[in-house]
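Same chain, two partners: subunit A is paired with subunit B first, then with subunit C.
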Partner chain A sequence: MSMLLGYFAGFLTNVVIYTLFVIGLNLQFGYTGLINFGHVAFLAVGAYTVAILVTHHAPILLAVLAGMAVAALFSFLLGYPALRLRDDYLAIVTIGFAEVLRIWLNNVSFTNGPEGIGGFAVPLSWLPVSHDAWRWLFLLLCAAVTAVVFAAVEYLARSPWGRVLKAIREDEDVAVALGKNIVSYKLAALALGAAIAGLAGGLTAFFYQYINPHNFEATITFEAWTIMVLGGVGKNWGAVLGAVIYFGLYTITSEFTSSPIGPFSTDQLAALRIVLIGVVLILLMIYRPQGILGRKEDLGLDR
Partner chain B sequence: MLQFIANGVVVGAVVAVTAVGLTLVYSILKLTNFAHGDMVTFGAYVALLLNLSLGLDIWWTLPPAFLAGALLGVLGDRLIWSRMRRRQAGSVSFIVASIGLALALRNLIVFFFGAQTQHFRLPVEMRQPLGPLPVKLTPDEVHVIVAAVVLFAGVHALLRYTTIGRAMRAMADNPSLSWVSGVDVDRVITWTWILGGGLAAVGGVLYGMIRPIDPNMGWFLLLPMFAAIILGGIGNAYGAAVGGVLIGIIQEASVMFLPAEYRLAVGFLAMIAVLLTYPRGLFGERSLT
Partner chain C sequence: MTADVRPSAPASGSAPGAADGTAPAAGAMLSVRDVRKLFGGFAAVDGVSFDVHPGEIVGLIGPNGAGKSTLFQVISLFLPATSGEVVFMGTPLIGRPPYVPARLGLVRTFQITRVFARMTVLENLMFAAPRQPGEHLQNLLLQPRRVREHEAQVARRAEELVEYFNLGRVRDQYAGALSGGQRKLLEMARALMTEPRMMLLDEPMAGVNPALKEELLRYIRDLREKGMTFLVIEHDMDMIMRICDRIVVMANGRIIAEGDPQSVRENRAVIDAYLGGA
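Take a look at the complex of A and B:
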């Protein structure tokens, strides 16, 4: 029973961290229309910054804030040239950026290369509780962080600033005609989304307590996109719903695929599961591109 | 130095063959197809199957690989892209769906063939360097270059001298004008996929002759392919070929200064540099911003 409960805590933590990660993506794509296919890069930057700083005995809160700042800084590096380009080029450039970053993390010494980093301090470890209890407390911490970010993004989206973002998504020319500096608004949305992803990265590092470049492959970005378009583009509740459905299906199917079925090995069944993600993405894009909670009008680029 | 250029030309020949299909699909169908790399992988595995199980000589696997790739392209259009066009889906939906297709294709390959690296069964003498040359090249590598040149001459002839080729170029330039002028749009789309899918698959076979075959090979080739078509000027088949060779040379030459793992990164940085300084590419006409 306690093992099952611990498993459930892990499941929920995954849902919560991914929700946070997707809220960042949704701010960029759902609200502003930026096609960021390299979102995992900001998760990686956040996770590595936290892991390295905490290993060198930096206070945890400070390390997490630094992770968010460094992720935002990287997004400036990427966005400053890339945001001047048309939509599909942004997709290519961001995907390339994330791949190059992963290769770099795998080949430099301060990240320990493919061996990764582990054994750093984690939050709440000073509490005299069992490991299982710690997992539940950590889940609560992640949920609290995500709730705060959720509320902040909802507030921002309704502010005049958020309305300009939506205007940019709907029709850039109108936003320009109103005298708005589009590039600076886009850059701010990208950086804010990246900082949120960096925060999710920090939590990921604490959750796994060990990270290596393998944790940050392009598939993570596509999972985030699946969650976003499943739940609903331009809706923060969509991120929650998408994450619950996605990890629900993921967990159920991994129960089925944890041992060989008939002639098929577990590796084959794992591959089939990713085939399923691909097929779901395709079907959604054909029949309901706005997702479950999304409104068709919110797909600014899809008219 | 000369050696790196030679290696670059070999890799570049493969990038050129595959990138032509990517740029044709982009310019005629307005689809940024992230599944193109996995169509390359598909071609390599079709050839692997024929080569290992039927013992077919690798050169004889090229026609069936082309057919299989063409079929995959046309099937994808019937099942996915034509439906999305009918529903007037936006460009982002197309991109997301192509990523879905990429994931599905790659993992179907893992399902059927496994994730381990494999090799074609090639005659041993094909891997021995050729005699008195200033650079080390195997007969295989020379064959890959020759095959790429022949394929490209075919593409050139088709685009330049046939009715369907002219219609394809017209569609790329101005879809609505060519539709009113009586161009059979569906036929052009079908031929675009036959050519694009077929060349991707054949490119995959050629790629498999110069490096090990694994389910990720095409995905990792996608960045160099995009770099090639942007460098050459997007939508321009000739630019894609020249861009492919240039990217190949740049990547291989970077090995002189950087660890080999950074090859992919160098191709990508070259692409960014082109986008920033000369976004039309070498032969492009359209503005990208």
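Take a look at the complex of A and C:
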């Protein structure tokens, strides 16, 4: 029972951290229309910054803030040249950066290469509680952090600043013609989204308590896109719902791949499971192309 | 061409667009000086000069492909000029970023109406208001009260324009759900939110039914009464003749005639350009 509960805490923590991660992506794509295909890079930057700094005895809060800042800085360095050219360059630059970063992390010594980093201090470890209890407390911490970010992003999205982002998404030429300097808004949205991903990365490091480059494969970016589209692009609640459904499916199906069924080996079952998830997503896109929380009308609108 | 309202304008109807000096005429609101725009080797705009004075409604006409929209793109800084200068209220524009004209009070619309589809009519309008403190993150954080107060002001102004343009019934609808005519009105209202001194309208009457056309004409006239200046590209001759103080005629990238509606209507070069399919 307690093992199952612990497992459940882990599941929820994963959902919460992914929600946070997707809120960052949603700020970039859902609100501003920026295509970031390398979101995992900012997760990795946040996680590694935190792991390295905390290993060197930096205070945890400071390390997390540094992880956010470094992630934002990297996004700025990518976005500054790319966004001056054309929007699709950002997609290319980010996807390239994510791959290069992962390979680089795998090959330099200060990150321990493929062996990764572990054994650093984690938040709330001073509490005299069992490991299972700690997992629940850490879940609460992650949920609190995510709730604060959620509220902040909602506030920004409803502000005049958020209105500029939406206008950029809808038609950036018109936004310019009406006097807005859109490049600075795009950079700000990109950097804020990356900082949020960096924060999710810091939490990931504490959650795993051990990170290596393998944790930051490109598939994570596409999981984030899937969750965002599933829940409804441009809706923060969509990130929550999308994460719950995606990992729900993922976890339920994993039950069936632990031992061979009929003619299928566990390897084949694992592959089938991905197919099954894919089929569910395709069905969802056919019957609810706007995502679960999206408005049907949004798709039918033309400029 | 005889009845030009500008004493300094060339008196002949033949290609006055050729460089006629680089100093903008005194008192001009918009001054276009020998502007050229090449696409590869093709001169879409080939040395165009003219002025628009405060309070004027100037029509820019010419056959399809004459270079009118391209000239608008250059004036609004959406395309870099190959050479020449554009001066708005004393400020040279060429070479500056394309968000500058609107900030100086020169706002444009597009030949094909463009609205922010997944934003409400009211949001479309409020977005366009200038100098909003709430557009800057530091103000949202440090001066939320100032942001709120300014936002309320912007909302009031947007409501006024919604009423003025009869968009009250759709104010909370997504702009993407509006009819073509409502979009025209929204685009005009949105441009007005920037508090312009002068508007560049690219074919405001295209695809507009007769009733709405009269309505748009009334709006343009009314705005001019309140001090607005217009430069209007239009193929609808009836409209051009009725509201323009002065007409500039382009063909093949050049100005072939310039003057009051009556004189332009009778101008040989203009008749040839339209009939000859330049």
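In this section, the second predicted complex is superposed on the first by the 275 of 303 C-alpha atoms of A that agree within 3 Å, B and C clash if a C-alpha of one lies under 4 Å from a C-alpha of the other, contacts with A are read in each partner's own complex, and residues count from 1 in each chain.
Heads up, the rule we're going with is that a contact is a pair of C-beta atoms (placed from the backbone, for glycine too) under 8 Å apart; a residue touches a chain by one contact, two chains touch by 3 or more.
Just so it is clear, the model here is predicted, and its values are computed rather than measured.
After overlaying the two complexes on the shared chain, residue contacts for A:Leu178 are found with subunit C alone; subunit B is out of touch. Once chain A of one complex is fitted onto chain A of the other, the partner contacts of A:Ala143 are absent, as it touches neither subunit B nor subunit C. More residues of subunit A are touched by B (comparison of subunit B with subunit C). In the superposition on chain A, A:Asp87 makes contact with subunit B only, while subunit C stays out of contact range. When the two structures are aligned on the shared chain, A:Ala188 is found in touch with subunit C, with no touch to subunit B. After overlaying the two complexes on the shared chain, residue contacts for A:Ala58 are found with neither subunit B nor subunit C.
By the touch criterion defined above, A:Trp225 reaches subunit B but does not reach subunit C.
In the overlay built on the shared chain, the residue A:Pro160 is in contact with subunit C alone; subunit B does not reach it. Residues 301-303 of subunit A are contacted both by subunit B in one complex and by subunit C in the other.
Listing the residues of subunit C that touch subunit A in their complex gives 76, 78, 97-103, 107-108, 110, 114-119, 123, 126-128, 130, 132-137, 140, 147, 151, 154, 174, 176-177, 190-191, 193-194.
Contact residues of subunit B toward subunit A in the complex are 32, 34, 80, 83-84, 87, 89-97, 99-108, 110-111, 114-115, 223, 226, 230, 259, 261-262, 264-265, 268-269, 271-272, 275-276, 279, 288-289.
Contact residues on subunit A toward subunit C in their complex (touch as defined above): 155-156, 159-161, 163-164, 166-167, 169-171, 173-182, 188, 234, 297-298, 300-303.
Partner subunit B is touched in their complex by these residues of subunit A: 29, 35, 37, 81, 84-89, 91-93, 95-97, 99-100, 103-104, 106-107, 219, 222, 225, 229, 267-268, 271-272, 274-275, 277-282, 285-286, 289, 299, 301-303.
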